[in-house]
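As written, the chain order gives the labels A, B, C, D and E, with residue 1 at the start of each chain.
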Amino acid sequence: GSGTSSGGSSPGGGQDLSIGLVAEPASLDFTTTDGAAIPQALLGNVYETLVKQDDSGKIVPSLAKSWTVSADRKTYTFDLVDNAKFTNGKQFTASDAVFSINRVKTAWTISLKSAMDVVSAATAVSPTKLQVTLAKPSNDWLFRMTTRIGAMFSETGVSALATAPVGTGPFKFSKWNRGDSIVLTRNDDYWGTKPNFAQITLKYFKDATALNNALLTSTINVIGTVQAPEALSQFTSNSKYQVIEGTTNGEVLLSFNNSRPVFKDVRTRQAIRMAIDHKALLDTCWAGRGKLIGSMVPPTDPWYEDLTGIAPYDLAKAKSLLQASGAAGQTLRLRLPTLPYATSCGQVVKSDLEQAGLKVQIDQLEFPAAWLTTVFKNADYDMSIIAHVEPRDLGAVFNAKYYTRYDDPTLQADLAAADAGDEATQVADMKKAARRLSEQAAGDWLFLLPNLMVADKDIKGLPTNAITEAFDLSKLSR
Amino acid sequence: MQRTLSFIHARSEARTWMNDVLTVRGLSVSVRDTTLVADVDLTVGAGERVGLIGESGSGKSLTALSILGLLPEDVRAGGSVRLDGVDHELVGADERRMSRVRGRDIAMVFQEPMTALNPTMRVGDQIAEAMLIHKTHAKPAARAAAADLLERVQLPPETLRAYPHQLSGGMRQRVVLALALANDPALLICDEPTTALDVTVQALVLDLIVRGVLDRSAALLFITHDLAVVATVCERVLVMYGGRVVEAGPVEEVFTRPRHRYTEGLLAASDLEANSRRLTTIPGNVPPAGRFPSGCVFRTRCAHATALCEERPAWTGAEADGFACHHPAGGTDA
Amino acid sequence: MILRLIERTAVFLVSLAVSTVLVFAFMAILPGDPARVALGVNASDAAVAELRRQFGLDRPLPTQYFDWVGGLLHGDLGTSYVSKVAIGPQVFDRLQVTLWLVVAGMIVALIVAVPAGTMMAARHRQVSGLALSAVSQIGVAVPAFLAGILLIVVFAVKLGWLPANGWTPPAQDPGMFLKQLILPALSLGLVQGAVLTRYVRSAVLDVLREDYLRTARAKGLRPFHALWRHGLRNAAVPVVTVLGLQLATLLIGAVVVERVFVIPGLGSLLLDGVSNRDLLLVQDVVMVLVLAVLLVNFLVDILYVALDPRLRASA
Amino acid sequence: MRRRNPSLLAGAVIVGVIVLMALVSFVWTPYDATLVTPASRLLTPSWSHWFGTDKFGRDVLSQIMVGSRTTLFVGVVAVGVAAVIGVPLGILAAMVRRWPGEVIMRANDLLLAFPALLLAIMFGAVFGASTLTAMVAIGIASVPSFARVIRSGALQVMRTEYVLAARAAGRRPWPIAVRHVLPNVTSLITVQASVSFAIAVLAEAALSFLGYGTPPPTPSWGRMLQESQEFLFSAPRLAIFPGVAIAIAVLGFNLLGDGLRDRFDPKLEDRR
Amino acid sequence: MPEHVPPAHDREHDPAPRQHGPAARLHGPAARQDGPAHPEPVIRVVDLVRDYPRPRTSLVRPAPVVHALRGVSLEVKHGERFGIVGESGCGKSTLLRIVAALDRATSGHVFVEGTDITNLPERRLRPLRENLQLVFQDPMSSLDPRMRVRDIIAEPLVVQGHPASGQRVRELLEAVGLSADAGDRYPHQFSGGQRQRISIARALAPRPRILIADEPVSALDVSVRAQVLNLISDLVDDLDLTLVFVSHDLSVVKHVCDRVAVMNAGQIVETGYTADVYAAPQHPYTQRLVSAIPTLQRALSGATTSDLLANGDPA
């Protein structure tokens, strides 16, 4: 039986489902509290956006039935659905959309809100027609509208975002047992296809083993994020379970502090990339699950290219490059956040780099607090390892203001062109940027985190790839 | 206070004991390979008061404890201990049988009044318990009997509800005595009952002990290292040294005409009335357990020791009146 | 007795006051900015400053301190920086969970320790006693979380008798509550029990050497009865001390077991609070702990008096 | 005649072996304990790797050996801190007059409200996570028990007549503390230290389990245990070896403590 | 010294001639010169009061006190052997501790060799510490078990800044009848009587003029008691010491001392020459005390336990 969810089925039919996840949200308000856990639980399920991404990364309609872009690429006109209703009983209209878009600029505090800065005006042309004008052309803006930034709130439903979220989605927020689980129930007034399950419990586990045990003892039905890939063997060998493996947006980056003298020399950076045997690293620290990528682009982005050939594993070459740059024998501080993949990969990186002639000193910094302050804010580090899970974050990560301190005007120019141009230009320019990043060795992309899920055999509708912030629960069925 | 007991002066009466209450034969006590008490013979008749004296470590307490079967865990007793009216041997008897004897047929008063009572239980309950265990009184009667006992040891009735820590040492020792007398035991053993008490309190407690046993015509085995006390309380005395009884006999005899050289030395050393500032001493120290010499245990400290003393001196005289010495005082070498 | 109570209460209040200062000072030096943690990876400095202002973190420390203490005095534990909900009910809920767990664990521990420790002491020279001692020694040497993992593997995963983890409030489903309580209580209780066993053993050994036990046996009580009637209450005094200490440290110490069994207890709340830099929450939880420890000390004191008449003031 | 003392002997032997293992690991281990060799990962025990290898291909035996250093370090630091603060505090509380002594003991009680785990996590947050900070925290958390035990011992010593005699000879309080009180509580210190040692080893394991312990790649038994969790079913040996090592070490220190307690117990003394 | 020759116990007529043993050498050539007369008593105690506070039992009433001494006055003259008897808890040890400046009086004065030591600070007590030394009751607890006998004996010398030569320690060991190699051993390797000798040697180390003995033989067996009493007697004579001897045993005091003070409940009820007090006690308490002493002579001449109670009843 399941833990907290009380058994039995609700009048709407269908059964209950429990999903095990790792990070519990600190709050339910993603407008002021950062972290992936809140949109994972709420976006697409409780809140909906105008447009959303499908499993292959394409932008498709959601609350907006369709949209057009003006020729100067600055004005977007959305046709909204007319039968969406908020769970507080209010009809969803264009004015709610205007309210939501403007509210990002005024009331949101998390840094992601800057994606809305480009909007100069949003107007409700009619209850079902919304017009948004941008200050300059930006492909990125529409994409960002698929993320939590684009979530649609009710004008009268934002008083208690932290505890009582109100949205138009297929599920209603029902209960939060802090430290344990969040319960969502089916929204029987949902305007679209109604979900199969009457109630879905998201159970949170801090410990990977506990998560596995919960599935093994049927406390939960799905492991939403496998944190201990080595332990998968007990499920792959058991016919009661299915294992789903796909990709995510999470590039595990071995970041360099490019403002440090030692990293000013491109040869040092390249040497580090070549000294690491990425295949072996993936095998040892993530059980071979995941994908090797040569740059900051996951395969689900339209401009993906396999760039792993740019810096292949070559210990001899790495050694000679280090000699040439004079970095050989230097000590680098690898400051790791206390996260499983970072701890694991850090040890392999250390071992690999030391064989190439560098000295590596590992420090562990408590994540998030200590790591954020020391590495992220103060850039007091030489190298670090962290997965960048935001979608299309190449430009955000590699700039002079970010903790990577990567100052490269050429790259910035490419990115600007990509954002302003049409779709073809965007793809071409992004490819250019990704390649430059890899050649310049602005960091090393250890691997791409896999989307690993385990579930009872009969559960259908689980997404193969996890490329959005949302975990779409409405398609799940038995 | 008027309570002179004329019949106490019955001391000089001839020994006409009907029967022996306690008969100890060849008692030995050892721990692992060390013998602590060897070959003790001892008889106490009904109504008789027998003293057991000796310096610290001579084995007095072990002798007493082995009669009760309360030796510490790794200490073993051998030989024979019989009690009148009990149809089994006490040495080696199982706990079930021993616990029926203890507190009913044999009772004991221990040396330390401060620790002998349970600090968390009221005095009255502790006394009543002694009677309830052996079912000599029913529950309500036991309380009344306890009050009665307390009165007999001259404690006020409030004592019944007191906790031991509220009583002085002398009062506690009287409680312990009341406890021991609760079931009218045939034999009362007192192990240095007054060593921790002041003289005036000692006088009272000694008197109560003697009166207690006389009232019940119980037998008394009284252990002490104080010669004067034993002389006041007892009729007969056994002197122990090095785990052996070295001399036995009536009090007047042993204390006026000692035959064993150790008894002689002890008497001299305790004589503070002598006209000299310097006291006569026994040379050397009492050896620790297990380090006593073979043969005569006293020979290493004895001025009269000869090569002969390397042999165990045999017991001379009757069990109740004899000694074990090769060179006894007053001539007549064994 | 009354005086002792008044004195204790005074000490209690002063200790409480001192600990508020200590706790607050400790939080003040904890590096890591709660606002930045809340705002996440890409926050601008301006946004962080704004949030600090909202939290009241920009005020002088004494003001913050007195605000906090003033709130505590009114029973108001404040609002969490991170989750923006009132801390009081949250702490109260978690404390309940942990109390269930700890108390159940202590009961298991007592059930294990009292007979085992007594037997070990009573038979400390015999094979059975030594064997028991050896088992308890091993029990002490096993970390509680390891015991928990092993219990899960055996009873939940392999045998499937009990749930591997989770927590259900007793009011919601008593049956489930009990089922889920068994394994965590066992893993906590067995380890604590092993520790306690050794204290019981040494307390009983001490009591066994006491003269009054010999007196009791000289009265005709059999060894077991003598120990039962006269020994245990006296042995209880040192054991109660240890019990109090264990109870106090377990409130947080149970966090490893909470982690293994996914129980939303006070320890987990504290750890989350620390890692989210939810300082106010951490402060409050620590104060609750201090209060609990002082309270336990207080109770232990009273228990002493109940157990040992020597401590009752009398003329 | 000395009583047999099997606890003391067993404890001393176990602790001796651990110390030896730690010393040997400085000069020799079968393999480099931190060298990652993906080719030889997760090997089962064999002649070349007695205890097998872990997921990084590191030799488990070598890690256990080097890990014993961490274990000893943990104990030494934690017990050292606890003793260095707790012992003088205990003696001070026993020697000074009523009020200051009472205040010291109250402060001591207050420290009890900060469990080892909490202190360690907070210290880790303030000073950066490392074995050292964790153990200093655990040491500080062990101060109260030290101070209590030492105070009661010192109070007993202060009541003896030899302290009175020393005062009559003209010794001042502090020399008395050093010359008479301290030497006579050393047995208590030793016993308390060995017990605290065991507690510290367990605490390090618990901290590592929670991810606040010894940072990688320094081998530590607690972290090995934590890393082995995902192999609980596929390679349980990875949990068994460090688990057993921790248990044996804790057992060793506890036995040593018990043995010392019996050895120094005055009540048992006269039976010797 | 005609002024304090005891009438019934004339030393000149002592039948056993006292050998002047090795102790005679203790003061060596530098032995003190006896003044022709000693008008001032060596120890003068005037109206000494000592109250010990008990823990409060009520907030309103003042804390109860134990009146350990309630106005004690006495004089000990030079060369005298002064005894103090009394029952447990009557304040004997308290009195000695104050005389030795190890405790402070509540009121009253103590003059030692003319100096009022009652309120002297510790640093000005040096002459007292050299002139007055103590021997304690318990031969086990009065020697530090962790020190070698050599260091124990040398402690007063070291503390008082005398050169602690091995020679001096050997002299002292010899004086108390221990072999020279005893210095290398530890107290537990000696018997009770030998330990008491060590204790005496330590007291003699700084060449005191006054020796205070607090029940030095109460814990000893008769045969050992005789040895220690002889030793004390010899040393007092040979070194011309003033002896203050405390005991609860009037027979021992009678044997050792010239003069005796009988204490009861913090007061001195009777003072006089020992033989007089013993033979004809004046105070009812003394009478009771004397009659309660069991002696061999009386017992053998037919005294029974009830005779010990003849003069009234303490209960």
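Assume a residue touches a chain if its C-beta (ideal position, glycine included) is under 8 Å from a C-beta of that chain, and two chains touch if they have at least 3 such contacts.
If you want to know which protein each chain is, UniProt gives these names: B = Oligopeptide/dipeptide ABC transporter ATP-binding protein; C, D = Peptide/nickel transport system permease protein; E = Peptide/nickel transport system ATP-binding protein.
Just so it is clear, the model here is predicted, and its values are computed rather than measured.
If you compare D-E with B-E, the chain pair joined by more contacting C-beta pairs is B-E. Ranking all chains by how far their C-alpha centres lie from the centre of subunit B, first place goes to A. Separating the centre of subunit A from that of subunit C, both taken as means of CA atoms, is a distance of 39 Å. For the pair subunit A and subunit B, the distance between C-alpha centroids works out to 90 Å. Chain geometry summary: the mean Cα position of subunit B and that of subunit C are 53 Å apart.
Put simply, the C-alpha centre of subunit A and that of subunit D have 44 angstrom between them.
For subunit A, residues that reach two or more other chains under the stated contact definition are 207, 209, 366, 369-370.
Annotation for subunit E: no residues touch two or more other chains. Residue positions 31-32, 149, 259, 274 of subunit C are each in touch with at least two other chains. Residues of subunit C touching subunit A in their complex: 31-33, 36-44, 47, 50-51, 82-85, 90, 93-94, 149, 152, 156-157, 160, 163-168, 172-173, 176, 180, 259-262, 264-265, 268-269, 272, 274-278. For subunit A in complex with subunit C, the residues that touch the partner chain are 1, 3-4, 6, 24, 26-27, 29, 32-35, 109-112, 114, 162-163, 177-180, 203, 205-207, 209-210, 213-214, 216-217, 219, 366-370, 372-373, 376-377, 396.
Considering their complex, residues 125, 210-212, 214-223, 229-230, 233-234, 307-310, 314 of subunit C touch subunit B.
Residue ranges of subunit D in contact with subunit A, taken from their complex: 34-36, 38-39, 41, 55-57, 124-125, 128-129, 211-212, 215-217, 229-234. Partner subunit D is touched in their complex by these residues of subunit C: 11, 14-15, 18-19, 22, 26, 29-32, 137-138, 140-146, 149, 153, 198, 202, 206, 209, 245, 248-249, 251-253, 255-256, 259, 267, 270-271, 274, 286, 289-290, 292-294, 297.
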